[in-house]
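Two complexes come next, and they have one chain in common, subunit A, joined by subunit B in the first and subunit C in the second.
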Partner chain A sequence: MIGFVFSEEFLQRSVVFALPILFAAFAALISNRAGIVNINIEGSMSVAAVCGTLAGHFSGSWILGLIVAMLVGVGMSMLLAGAALVLRTDSFLSGIALNTLATGLSVYILYAVLGVKGDSSSAPTAAIPNISIPILRDIPVIGKLLFDQSLLFYVAILCTVFLVFLLNRTKLGTEIRAVGHNPAAAESVGINPRVVKTKALILCGVFSGLGGAFLSMSYLMYFSAGMVAGRGFIGIAAEAMGVGNPVLTALFSFLFGAVTYFSVGAQTVLSFPYQILNTLPYIMTLIALIIYAVIQKNKQSKK
Partner chain B sequence: MIGITKVYPIGVVANDSASLSVRKGEIHAVAGENGAGKSTIMKVLYGAERAEGEIFLGGKKEEITSPKVANALGIGMVYQHFMLVKEFPAYQNIFFGIEETDRFGVLKKKEMLEKAEELCKTYDMPIDLDEPCGNMSVSNAQKVEILKVLARGADILILDEPTAVLTPQETEQLFRQLRLLKENGYTVIIITHKLKEIKELCDRITIMRAGKTVGTYNVAVISEAEISRLMVGRDVATEIPKKECRAGDVVLEVKGLSVKGKGEKLAVDHVSFRARKGEILCMAGVEGNGQREVVSAITGLSSAYSGDVLFEGKPIKKQRIKAIRNRGLVHIPEDRLKTGCDAGSSIRDNLISLDYDKNSVFGFINYKKLNARSLEQMRAYEVKGSLHHKMAMLSGGNMQKVIVARELENDPVLVVADQPTRGVDIGAIEAIHKKLVEIRDEGKAVILISADLSEVFRLSDRIIVFHEGKITAEISDVSSVDEIRLGRYMLGLETMEANDDET
Partner chain C sequence: MKKLLSVIFAILMMTSILFSAVSCGENPAGPNAGQSQTSGVADIHDGKFRVALLINGDLGDMSFWDSANEGMLRFQKDHPEADVKIVEMGSSDPTVYESTLAKTAAEAYDLIIVGTTDMREPLQRLVKKEKYADRRFVIFDTEIKDGKAADYKTVHSIMFNQNEGGYLAGVLASLMSLDAGSANTAFIGGAPNDIINDFASGFMQGVRAVNAERSASIGAFHSFIGDFSDSPKGKSLAETYYSGNDVSVLFAAASQAGIGCVEAATLTGHTIIGVDSDQYAFYKDSNPAKAAAIVTSIEKRVGDTLYEVCEKFMADTLTYGDLEVLGIKDGKIGYVDNDNFKALVSEANRAYLADVAAKIASGELKIESGLKRYTTSAELTALYDSLDPTKK
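Right, the complex of A and B next:
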């Protein structure tokens, strides 16, 4: 058990489990910072996953598949933008509706294209490559963690840096933060908050697409119904814990990934009912959110 | 601006073919009661609202369709409620929307800081450019707002009630800066209803009433009384007839009250005072010096304090608000929209919200009786509108009158009136002041919380001044101090040894 947790493999696999959560968390981060709540990340990932893997299968190109996944993610985000920003519906209710839509839509696309309803294992996709750097990957402890991972791991690191830079150093980042904090102030200097929110939602869609593509083009080579399995929501929890800070959010995503992998991996080494182990990531999410709420409450009472 | 007509969707005419003409390089006051349409006409000029009519700038007709267009034409506006992103440092707020960037949209922080510093120096507004605006004093935040407008290259500045939140000293400073701007060729338009400031600062004045412009006058040749008559449309009593104060029994006693604040500092630091029957006790002070916490404690809204609050000899701590109210402690809250009323409900529903339960049988409300009573209250308090008008549609003054009516007609023993006339027009101020004095003359106790010095002087029988959670002065003879002195107490520049007036 201890050997299992402190193995190189545990670190490496934790990252694998953390990546989709991380992309979901970044999707939540960018939209939350702009002051629009998108709870449809789960659904966006699901539709992006099925479209990406199918595009990868038929074109034989993982690049094309990845691009399709990101575009579909953006498309899903734009549905929310249309509902919440143009038609001015409640973004929560629209998000719930879109999630419900996505559950059916992803299976529908699968059925329309392949004629099956469960998964697309009959049509394996062109996989997003792993990058494994010789010599460096043999460094003890961190070698496998850092130098033997999916391409998207490196993309995720770039995304973290990109987000920190975007938010703090650019005009768009300034606008996103301002609109999130005080839309009236933004409006008074001629910034249209809805335009800024739309831009943020486009980025949100790209991240959702990356998360979906990782699941169906790197973690597995095919789409399977329900494969997102709450990762979109866990990502939202990780973002909340990271209080909108990209680096903290990434760290919390890793923590959630580790717990998820533990619940899967421990089933082989522990004689513990797997049903209970399976609930671990979700219980962890609950606990995390409770801690987060308590911290926030204390902060407020101090004010 | 000629013939500006603005009709809001709900059918309220804010501006009715109003006209305004401002000369270059002058300080021009736009005065009028609340709801007279001053803010609206300014927002039209700034492009934040669209309206019928024409706007000429330097003889040329302009279509000002958005604040951006107004900025480009050199018009800038400082709103009454600041439009700052509190989390951003000052310099970022100053350049918000016009950030200096390279061609990739990356911010040039150094250039912005340098430019901001230069602006600060030129216009004599020393502020810490790296400090987040949320931590700043109101007066510094206002400076940021002005710098923000100047950074946009405006030569016409519109300020919406800039002195409403300032102390006399800060107001003095602001006026100095505005005069400096005028000397530099800027045109300043200031919305206000404070007559003294108009006389002191402005060159010309345009008076508005009920959406129309009454006229434009040279400030030098028009008296304060004339201005107020033109604003209200009738003579206004600047003095409220008051009987001599005959303070009776102690109604409320506060002993050693302390409330925790942010961090280590106490928001309220061992404060003790008494309120007596037949007396208006005023808690004066700049906002945020502990008055709000004291009000929460004495009205029972918060029990997070140490010390005692005794209402008619009995503690009120941890009692239900309803129980406290039933004992005769009524409260006119500071924020009339948030806590003072339910803006989505009708005037009638707000008026009966305290005692509808006592006027019902088996849960059925006796509307016949309550409607009649509400109508009568509306007449007595000169509330314009009908029983079923939504509160949200009323002007600030009318809304406040409804709240005052509800509270004062609820058989009070002690009235806690928190900023009862903030943002309220002169007519309503007069009505509310009269009622408060009436209540006091009936032998009831009134605690008035106010940051408006003229109100403090007009009403109070006794003043306690708050600064940083402590009482810095207690003034039993109000006529013995002037505004300057009181301002010094409020800023904590001077303190007075608390004199225990047991007598």
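Right, the complex of A and C next:
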């Protein structure tokens, strides 16, 4: 079992499971930092996944598919922006409504375009390429992890750097943090919180789109109804664990990915009841949130 | 401006509800001919045969429900005088099952067909009501109540011997593994429910039988995805078997999530045995690479079964208050003998498999059931463990 956990394959596949969670977590991060809760990441990923894969199939270009997925992600975010920022509805309730919309909409799009309701495996998409660097990929243990991955793995690393930079070194980042921290104070110095929140939601949509595209254009070449399978929500948990810090969030996403893969992969090496294995990612979420709550409480009592 | 946006948003929300309804395919409109206002239950004695199939899942699974759907559509085509309605209730909201069933029963349907264990309790409650006494019901893939079919005088129960199908898959997988020099094969199920366990149990018995006869020791993994829709997880599981565990052919009974396993087989250049419908035929034209990885599919011919049920009903030969068990001998369980099967499986192995199927059909070979009413979970686990490479 130890050998399994430290195997090259384990690391590489954990990343595969971590990537959609990571993009979801970044989507949650940027909107949370701007003070708007978006729980529709799951739904955005699902609609982006189906649109991206279909665009990739019909155009034959993965670049176009990826762009479509990101645009659709932004579109879904804008629905939330319209509801929560323009109409001032409760963003949480609107998010729930949008998730319901997305469940139906994704299958509806599939049905409208292909006439099937289950999956688009009869229309495989143009896949987002894998980047495999010769020689470097043969480095033991970390070679395949770092140098033989989907293009989106490298995009994810860039996104982490980008987020750190954005939040700490740019005007927009400062505005986002200010608005998230205290909208009234931000407004008093001439920042329009709604504009800032909308910008954050656009980024949130881009990340959701990337997460969806990874599932339906990189890991699998097709969309299947229900394929997001809670990854959007696990991403939100990872973001909570990472307390809004991009690097920590990325690390926790990787941990969640590893636990998820462990629950799958361990079935092949361990004789352990599968039912318990399958609950691991959720138990892990619970434990993580408990630790998080305890830390927060300690902080407060020290004040 | 704000008012306008509110209106737009309200419309959006309405569409959202509409979309979910459309994607579930639920169509509440039905024949209300002769609906009696007093009891709320329509009169069915108008000389027209109306049948409804309620699907408590999603179409597009390329296996179980698609097969059922296809059978009913074929029946409608061959019998234009009948009125066939198919209601897709979806898998996401089980709370609509009971109300949809009651609604359908109140309309003028002579025969209402439902399937799987999820529909047992709603149907049990419904048929107890006197006002539906002239309706007839068929429940397939389960018995209305274990061992109690006779108590439900208007219900015909149909079960399938999927253990026989699993057995064929097990025999084929181990024969192919022997030829390929692979040490192991594997079974991947959606979730460990009764039906999937029956498949798995048959599969293990098939592997065991080949091992005994060829004095081989092919190992057989078993694992479950956890649901029937997480295809990325299905792909990952299959990939792990193919790439790291010396498996060259496996059997996946996991509906849509199983399509992820097919993808893994395609990418790693291995083969897979499909389930329920002829999955090779689905991909033959649209995705030849994927089709080529599917050796054969273990068919559970739900569509043919429902077709015959409707014909029997029209001929007034369908019986009620009983349980019918269908298997290889009835032609309702089998494997697909197509071009790809001929290309991938040696002639000797094909003959061997055909012989096994014939022996099961004649009753010479009896496959033990994996259903919990016949087998305890301890026995089942012991069977799985006896072949599990991680336990060796």
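To be clear about the criterion, the second predicted complex is superposed on the first by the 303 of 303 C-alpha atoms of A that agree within 3 Å, B and C clash if a C-alpha of one lies under 4 Å from a C-alpha of the other, contacts with A are read in each partner's own complex, and residues count from 1 in each chain.
Criterion: a residue touches a chain if its C-beta (ideal position, glycine included) is under 8 Å from a C-beta of that chain, and two chains touch if they have at least 3 such contacts.
Owing to the predicted nature of the structure, the values given are computational and were not obtained by experimental measurement.
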item	value
When subunit B and subunit C are modelled together on subunit A, clash or fit	fit
Which superposed partner A:Lys171 touches (first subunit B, second subunit C, both, neither)	first
Per-residue contact with subunit A, leading partner among subunit C and subunit B	C
Which of subunit B and subunit C A:Val189 touches, first, second, both or neither	first
For subunit A as apex, the angle formed with subunit B and subunit C - C-alpha centres, to the nearest 10 degrees	130
Touching partner for A:Asn278 - first (subunit B), second (subunit C), both, neither	second
First, second, both or neither for A:His181, with subunit B first and subunit C second	first
Superposition-derived minimum Cα distance between subunit C and subunit B (Å)	18
Set intersection of subunit A contacts, subunit C complex versus subunit B complex	none
Touch list for subunit A against partner subunit B, complex	169-172, 174, 177-178, 181-182, 184-191, 302-303
Contacting residues of subunit A [partner subunit C, same complex]	9, 13, 16-17, 79, 82-83, 86-87, 89, 97-98, 100-101, 103-105, 107-108, 111, 116-119, 121-124, 215, 219-222, 224-227, 229, 261, 264-265, 267-271, 274-275, 278
Subunit A-facing residues of subunit C, complex	2, 5-6, 8-9, 12-13, 15-17, 19-25, 58-62, 66, 88, 92, 192, 221, 223-227, 229-233, 235-237, 239-241, 243-245, 256-257, 259-260, 262-263, 282-283, 286-287, 290, 385, 388, 390-391
Complex contact set, residues of subunit B against subunit A	48, 66-68, 71, 77, 79, 83-88, 92, 96-99, 101, 104-107, 148, 262-263
